[in-house]
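The same chain A turns up in both complexes below, where it pairs with chain B and then with chain C.
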Partner chain A sequence: MPLGAGMKAPSHLAGEDQSAWRLGRWAAAAPAFAVPLCLILAPIALFLAYSFFSVDHGNVVYSPTIANYVRFFTDPIFLPIFWQTLLLCLAVAILCVLFAYPVAYFLTSLRGRRRYVLLVLLLVPLLMSYVIKIYAVRSILGGNGMLNRTLLALGVIDKPLMLFVFNLNAVLLTLTVLLIPFAVLPIFLSLERVPRALRHASADLGASQAQTFWRITFPLSFPGVASAMSFVFVLAIGDFLTPQMVGGQSGFTFGRIIYSQFGMAYNWPFGAALSVILAAVVILAISLGGRFGRRGERT
Partner chain B sequence: MIRVSSHAGALFLAILTSFVFVLLYGPLAVPIVSSFFSVSHGAVDWSQPTLAAYFALTGNDSVLDALRTTLIVGAGAVALSVCLGTGLALYYASPNAVGQEFLQFLIFLPFLMPPIITGLALLIFFREIDFERSLVTIIIGHTIFVLALVYRTILTRLQSLSNSLVEASYDLGASGWQTFRLILLPNLASAMAGAAILAFALSFDETMITLLVTGTQSTLPVRLWAMMRLGFTPDINALVALILLFTTVLCLLAVRFLIPAGIAAGAEGD
Partner chain C sequence: MTWVRRLAPHPAHGPSCLTFHLATRRQRRSYSSHCFTGVTMAEPGILLRLRSVSKSYGSTPILYDVNLDVRDGEFLTILGPSGSGKTTILRLIGGFTTPSGGQILLDGTNIAAMPINRRPFNTVFQDYALFPHLTVQANVAYGLAVRGTSAAEIRRRVTDALELVQLGPLGERYPAQLSGGQRQRVALARAIICRPRLILLDEPLAALDVELRRQMQSFLKSVQTEIRTAFLFVTHDQEEAIAMADRICVMSAGRIQQIGSPHEVYYRPSCEFVARFFGENNLLPGRLGPLGGAIRSLETKLGVLRCSVEEHSEMATAPAGSAAFAVCRPEAIQFGENARGENRVEVRVGQVSFGGASTMIVAHPIAHPAQALRMLLPSRSDGASLAAGDSATFTFAADQCRLVPA
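Let's turn to the complex of A and B:
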């Protein structure tokens, strides 16, 4: 705790001066709180309030109503897309972990410097333009994309496959490719923390490699898997660019619906209510990930 | 270290890891390679490499405008977030701080929440306070978004410094400001530089919040987004190649400022 280490509350002051000193502490806190309160808390509070407003002929009506939430739960359009999006993002999270786990395991089996160079190389794509990555994956998956052309050239198929073009499958694959690095990092960190002595002990006691993996390594690395899944899930569900770019007409997701409320549909309060529901899902996912993610750290 | 002793298992893991590398980097090669060839009637003409697409970009005003906007926004967001982040980190670490956990929670909020929520909250906020959407609103959006990362990077460095440095400075009669300028700032400088580069890289890339809080200006990713909906063209590919080159350089710089210590420590602890 560096700065101001010499400014401990002077204990010799009388009671009145003590409280004045405490008031001074709060006054000193004001500038620190100013920006986060004005530009983070205020917008979020307003946004929460907006979800209880309504719209009449393009104007926002500022009287509280729960109509937006009622509409979400009763309208036959929104709930199915909501569940479908949850399922999609769960599938993305599982796929990412299936790819990331063996990669992270492989990294921890490498020695010294090589391990970290490979790790950094796996993380570099995170700093690369998101839009560009979506575009690049689309150029592979598209009807006239690399995948189809390669398969055609190899004679595997005789006309372009439309399985991965402008639909939910395309969204699933694109999100998986984009989000794998987010899954590698937490799994790698948790695998790295598994004590070597435990695995040696397991081997000494006659366990096979598979037994050691399933009974020692995997359970101990499970917190990393939980964090990875919650990261990927949260990032996938908040994304509206990928479904917009590769989803086409059928690849509608919850994020796209929210975005459209602020564009074409022009119903900001309803969009705010949908976002509050999204935020609730995100908070649930983060706390689940945090709960299972921390369990291993205590033991 | 985990030992993979069965050869088949090790081979399988190595192949799978290579496959993931192909998944991550392979798609990027497509636009880069095709940026050097011309496209006619929707098919790439592979017979002759050309730099035509790159020259065409220099005359593309909308792209140059977007580039200018992106650089202004990046510079603004970096300056604001580094100042704010340093101030907030110093506040968090000071023994007189009150409510610092709540403050930290607020700072992390826009980073944890999906960008669409941060963007929408700001959009509604700006409209309600009658603040016209402009370059300023984009800069504010980006600052809020990158603040958590900048703050965390600087706080980590601050907490790794020994208390005795500051105590010695006070004992020798330095004022708070002198201690900050002569003791803390030099020690924080490389963390601040690394944080600034990361913040710039994030801002350079930010699309979702920008799409929501922008007025008429578009940043490079937003411009690209608009162009990409039209299809796969050589000028987009050239732009993509240039942006990737630029972000790779940024990455290397950030790694230089922030990661060497981490790698060294990690390798020693192996």
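Let's turn to the complex of A and C:
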């Protein structure tokens, strides 16, 4: 509903004055619509348009074609990477939730100030530069990184492991580490909203703590889990910087392909088409998260 | 009625009652090890006994030395203003908090430290605390489901319980789709389905409007009579307590002031607080006359009043000259030529308020006009009554006049 549409014109104004009043109201609201229109909708529309153009010897040909989409679905390179990226981001989302849930649960079990101090501490990494964080993780995972050196020093391995160096595993781990705070927050909020009286009622009816968790607390925090998963998934799938920096040659993701279309390949229309496909996936993920998120709420 | 037979908490009936007894024995084994008190003989007829129970949060005392027995099958109401500690007693029995001192004895065993989920009590919470993500059926079945009862048994008992609370057709709904009164019934069904030995109700009617509240009062009472399970009902509403309870425990400032039948606490208050707590009452301050007999005199500014006392009671043995109140209900005061009674007070009528079935007259004794004396009269259709400014003689009998310490 547009801004102010619920407001009624003052009844003491006669016909003509009323329509003038209404016009003035629209004029006042216009900037509020203009900003998202110009800064968000217009660029997206432009991308959508570009995705139907093509490139000939470095020049964009402005005649509509669906060649870009056909290429995506028929070329043997893109679809496998697309599926692989979806799988990777799903894994990241699941890992993040698995790590974040106990943390959020622990936070809600704290009382008073300590709870929020700890929560803020957990969210501090969000304020740091993304690139610095990636470098930090890289220095832990690298061939001569902290992880390998520790394992060597402990005698667990006798030569540096290459399992987590410049490949998809490294991308998976890095994304998980970087995105955990985004998962903690919604899960914490949904856990906090489960009334203590319900846990009391459950215990009162004879349930053990484990039964109370699985039958009451977990189902009621499910909206948080769903939105945490869709958050993390969307952030991970749109990321091209992390795979670029820790993925090496084998850690190729959909985000990197799009990036290369706008850079090295210099094929904006194809890049735009891939972006549109990515946007469709993101919209789907968000709406799925929203749908499952609502399922638990019946009050 | 088959339902009654199945629900009655008696060891001879049904497998789940048996479970309770097994559980109790198990608890006894595990608790006697770390509970200091051993097993003492349980008294017949007494379900639960609170012995010198106290509770404080930090340095703030909430309950002082509470001694209370809950009898088998009774409707016991704990009544008190907010902050009197009544809900704390309920929470202590339910296991939501532990006492700072004293014992809670169930079958002679101290259960003060027993976890909530192992106590054979169920609670109807103030805001119902229904599980929002479960249907009415699943809510009611919850207590059985967590105990691993068979699906067929659960289905049968859920159907019975929903029928008892008259919610049969609403089993598939979610709590958010129910009205306040219906939620209340679901909470009750959920609490009774496990056949607890005691049902704790924490101001369950507080959220309902007056009309629904009255309906639910008689409904609760009828359910209680039908399943013959003890109810411990907490409320701050005097009328509600009087209408429903077998016994009322009046609390104030963390202490029990009086325990007795509704009739007793209404007509025979044991202290000033209880005397003032139930509706408007006359409390006339004075000093006790000499000892002796079933009737003691109290010297007041309206003259010497004669009041009945029970033998050996506190007021029968209090020394002469102690401060006390004479307590006389407004409806016990009469006026006119035919009125009989040991106490007569000349008054001037101040205010007359017609209240439907009865008329309240506030009068001031000639001897001490600062004191107000209330009289409640049945209203008459011809409107005949006293009028403001009239002089009259108020009369009340000694056995209608009680003494409480000041």
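In this section, the second predicted complex is superposed on the first by the 281 of 299 C-alpha atoms of A that agree within 3 Å, B and C clash if a C-alpha of one lies under 4 Å from a C-alpha of the other, contacts with A are read in each partner's own complex, and residues count from 1 in each chain.
Heads up, the rule we're going with is that a contact is a pair of C-beta atoms (placed from the backbone, for glycine too) under 8 Å apart; a residue touches a chain by one contact, two chains touch by 3 or more.
This structure is a prediction, so every number in the text was calculated from the model and none was measured.
Visitor: Should chain B and chain C be called a clash or a fit once both complexes are overlaid on chain A?
Guide: fit
Visitor: Quick one: classify A:220 as touching chain B (first), chain C (second), both or neither.
Guide: The answer is second: A:220 touches chain C but not chain B.
Visitor: Who contacts more of chain A, chain B or chain C?
Guide: B
Visitor: Can A:211 be said to touch chain B (first), chain C (second), both, or neither?
Guide: In the superposition, A:211 touches chain C alone.
Visitor: Nearest 10 degrees is fine: what angle do the Cα centroids of chain B and chain C make about that of chain A?
Guide: Spelled out: centre of chain A as vertex, angle of 90 degrees.
Visitor: One more residue to check, A:195. First (chain B), second (chain C), both or neither?
Guide: In the superposition, A:195 touches chain C alone.
Visitor: Who does A:284 touch here: chain B (first), chain C (second), both, or neither?
Guide: In the superposed model, A:284 contacts neither chain B nor chain C.
Visitor: In the superposed arrangement, which partner chain does A:132 touch: chain B (first), chain C (second), both, or neither?
Guide: After superposing on A, A:132 lies in contact with chain B but is clear of chain C.
Visitor: Quick check on the superposed model: minimum Cα to Cα separation from chain B to chain C, whole Å please.
Guide: 10
Visitor: Can you check the complex and tell me which residues of chain B touch chain A?
Guide: Within the complex, chain B touches chain A at residues 1-6, 9-10, 12-14, 16-17, 20-21, 23-28, 30-31, 42, 84, 87-88, 90-91, 93-99, 103, 106-107, 109-110, 112-117, 120-125, 128, 140, 143-144, 158, 161, 163, 165-167, 170-171, 176, 179-180, 184, 198, 201-202, 204-205, 207-208, 212, 221, 224-225, 228-229, 232, 236, 240, 243-244, 247-248, 250-251, 254-255, 259, 262-263, 266-267, 270.
Visitor: For chain A, which residues are in contact with chain B within the complex?
Guide: Spelled out, the residues of chain A in touch with chain B are 1-8, 25-26, 28-29, 31-33, 35-37, 39-44, 46-47, 50, 99-100, 102-103, 105-109, 111-113, 115-116, 118, 120-122, 124-125, 127-133, 135-137, 139-140, 142, 144, 146, 177, 180-181, 191, 194, 196, 199, 209, 217, 234-235, 237-241, 245, 255, 258-259, 262, 268, 271-272, 275, 278-279, 282, 286.
Visitor: What residues on chain A touch chain C, complex-wise?
Guide: Interface residues on the chain A side: 195, 197-198, 200-208, 211, 215-216, 219-220, 296-299.
Visitor: Can you tell me which positions in chain C touch chain A when the two form their complex?
Guide: 94-96, 115-118, 121-123, 125, 127, 129-133, 142-143, 145-147, 174-176, 190, 194
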